[in-house]
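Both complexes below contain subunit A, partnered by subunit B and then by subunit C.
Coming up: the complex of A and B.
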């Protein structure tokens, strides 16, 4: 039984330029204890897709879906109250910038207490002990003193650890990590990722990890979903996608990793994908990626490829979808 | 339990504040007036409404029937010093209650406007625009003429005239804060609207509001004095500085001290609150720190 089931999810944002679909008809599911990585460039709808799950969409945006269920509960028709009980308890989230994620006016202890009380039915007693336990769990030394610190007295890495402590305080079934390491420096990044990984294994919680770094997902995720312009380009097991990418976009993303680049002998310029993510108000016709694709052909400009099973994965590309059926 | 961090930040704040000479001067003057207002019945030689018969408009340092008047007496024979001392109570009281009233009402309205946005915001801000379209003294006069002149009505009128400052400031602050990550996070944790508004966002918007309160204090005192001068503020026996000023107006040539002293009191208090407010702003705003 899947933990999370999303079918044909579309998120529209109303703007002066008209209604833009930031997330365009995507479907995916997640089983218990699974780590799903979502990767794509900025503005691909990665974050929007996860905000939709938590009902955190910005104003003037709306959500459409055929199915959106979590633990067999229908999120589409759930009351406001039901959704409120769900988020922050069974689904929690950590964000990109840890320094602004904590309320600057309150101590760490006060903010941790809120999460702890939420998990334990507003029981006030013993929160301090539990808070110290949580802080130790996420690798913070001198937890006693830290409880009385204000966020501005701590480093970015420390703040992110505290965010993680707050997120796991309720023992969630699903943790959404929206680029949890982007704002941190490289050594801290590795520590935070290691921490997330060990916590995920320990609690057996499912995780959606959003990143623009496909290399990072290779270590963490069981499955990878590659998004472009709000659509799924390729989705499958991590080994298949990372080691044997088939979609030109996935290949280009992997080629753009500096790690892969350093193996080549002739150092020229870092490989990159030419062009920009399409403006959602002026989407290209056909395949969304075709203006930047190296392997495009006529059909790419005319027809939107469907997401189809191919070679142990789902892929949306005309290269792997022979048009034989339509040639009549 | 927060002692260590709390005191150190407080200490840092007061150190910076002391180095700001203007602010310190303002603070000392305000503290002096507050002390005078609090201990008025100990400091004043006579009650504010005791009339000494035939002791009209005596010059300073004069003695009359075994009573000594340091600053002389006014046109009906009341001791000027006592009236000024009791007047500080009235003026600071008006300032205090006006700021409390307009801060709480304006703050809550601004908070709601900034937080909810949309039609609630438009409604509140249009009311705000209407109040702002009229000069504040004129607007206060309109309210007073509807409610009738009295001390309480002065406070209400001045508070309403002061509302827009707090509303606008609060709204702008809330709008800047409400899209920050920590607010979104408290939403993911299932915080209700009220909780988000008052517990999550409000404490982060307070610094400029505190500064505005200090400046609002001086505005209120000035506005109330203007109303008093126009005969729309406190009723005559009450020793309100503005009212005293207007009562003494006919004698501006024969005994100018009667006009000068209340005017000077208003001037000094307002100036003190203004430089105090500016100093607060400088110490609160890290961008202006040296």
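Coming up: the complex of A and C.
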């Protein structure tokens, strides 16, 4: 039984330039205990897709979908109250910048208590003990004193650990981590990822890990979904996608990793993908990636490729999809 | 925090001395003098006139007069009124409760109406309610106080007869002040409920008039501060934690949005003492505002300069208090040394 089932999800943002689709008709599912990595450049709709799941979309945006269900509960037609009950309890989330994601005016203890109360049915006593337990669980020493600290007194890594403690307080079924390490030092990044990995194994919770670093997902995710301009480019098992990428965009993302760069001694410049992610108000025709693609041909400019099964994965690229007219 | 406060205090002390100079010199630059007004139309000899001037100390050079004013002022003696011959300090503190009572009512009105409206306008941004609030607060901000006061009097006192035109209470109650706050004194003098309601009725119109400007400022400030905060990442976190909308807005957002609003409320309290001048004149309210206006027309130099200096020091103290509160509300400021 899938934990999460998303079919044809579209997120629209109303702007002065008109209605833009930040997430364009994507479908995916997640089974219990599975880690799904979502990768793509900034502005590809990764975060938007996850906010849509939690009903956390910013103002002036709306979602459409054929199906959106969590544990067989229909989220599309659920009331705000039902969705709120799910949030922060069965589905929790951690964010990109831990320093600004904690409220500066309240102590860590106060903020942690709110999450603990969600799990323990507003039981007022004993939260302190549970809070200390949680802080120790995420590797914070002197947990006692930390409860009375304010966020600005702590480091970024420490704040992210506290966000994680809040996210696991309710033993959620699904944890969404939206670029959890982007704002942190490289040394801290590894620690946070290790912590997330061990907690995921320990609780057996499913996780959606959003990142623009495809290398990071290689160690963490069971499956990888590559997004570009709000659409899915390629999706499949991590080893298939990372070791044998087929979509030119996935290949370009992998080639842009500095790790891969250091192996090739002759390069003088860090490799990058030329061009920019398209402005959603002026989407290119045909395949969204074609203006930056090295392997584009005529058809790419005219026709939007469909997401199709190919070689143990789903891929949206004309290279692997011979035109149906030629087949007949 | 100590350094922050001491810096503020030094700045305010400099401002204080600036104010004494202005208060002292401005009224002397205006045409007319207290002696002429005291003598009225009677023709008196030049000697008698000189004698009176010397008695009041106005014959000394201006510089000497100024330093004498500061020297005595620092010892708590701001001189005596030329007209009533009573110490300025006594006259001031006798009238202060009336102004404070009105000011507190006005500010309470401004806060209890302004903050909820500001919060709702921010939460329901770009709705009809938001536009209505913005328009009304702009109107309130731009409205001349004396005109607004007269309009309210015409509507509620002249046409519908539900509220009194002026004064602090009906003449049938003759209450000797104890604290000076009539809302309290009616109970201390054992007058009971009818008198209390009468005093309250007299407070409504001047309270609204005096509170209109702070109301507009507080509403707009709460709205813009709230809008700013609602965009913050930690508000998204609070929503993601599954907290109710009430809790996210009323606790997580409001606590942060209040920081600038508290500053505005403090400043509004200062402006209320100055706003008293117009409101008290319209409603014949026996407070310091009307007292000052009266003393200007009588060229009562000691009252004017003394009154202004006391008001200025009060505003300065409020400012220090606001800065301290600011530091208490904002944990980031608290821990800095």
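FYI, the second predicted complex is superposed on the first by the 322 of 328 C-alpha atoms of A that agree within 3 Å, B and C clash if a C-alpha of one lies under 4 Å from a C-alpha of the other, contacts with A are read in each partner's own complex, and residues count from 1 in each chain.
Just so we're on the same page, a contact is a pair of C-beta atoms (placed from the backbone, for glycine too) under 8 Å apart; a residue touches a chain by one contact, two chains touch by 3 or more.
All of these numbers come straight from a predicted model, not from anything done at the bench.
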{"item": "Simultaneous placement of subunit C and subunit B on subunit A, clash or fit", "value": "clash"}
{"item": "Which of subunit B and subunit C A:244 touches, first, second, both or neither", "value": "neither"}
{"item": "Partner chain in contact with A:148 - subunit B first, subunit C second, else both or neither", "value": "first"}
{"item": "Which superposed partner A:56 touches (first subunit B, second subunit C, both, neither)", "value": "both"}
{"item": "Contacts of A:302 with subunit B and subunit C, given as first, second, both or neither", "value": "neither"}
{"item": "Partner chain(s) touched by A:89 [first = subunit B, second = subunit C, both, neither]", "value": "both"}
{"item": "Contacts of A:124 with subunit B and subunit C, given as first, second, both or neither", "value": "neither"}
{"item": "Residue range of subunit C overlapping subunit B upon superposition on chain A, of 21-29, 147-155 or 183-191", "value": "147-155"}
{"item": "Common interface residues of subunit A - those touching subunit B in one complex and subunit C in the other", "value": "54, 56, 59, 84-85, 87-89, 92-93, 95, 97, 100-106, 114-115, 118, 150, 153, 163, 166"}
{"item": "Subunit A residues within the subunit B interface of the complex", "value": "54, 56, 59, 84-85, 87-89, 92-93, 95-97, 100-107, 114-115, 118, 148-150, 153, 163, 166"}
{"item": "Residues of subunit C touching subunit A in the complex", "value": "125, 232-234, 236-244, 252, 255-256, 329-332, 335"}
{"item": "In the complex with subunit A, residue positions of subunit B that touch it", "value": "1-2, 4-5, 117-118, 180-182, 184-190, 200, 203-204"}
{"item": "Footprint of subunit C on subunit A - complex, ascending", "value": "54, 56, 59, 84-89, 92-93, 95, 97, 100-106, 114-115, 118, 150, 152-153, 163, 166"}
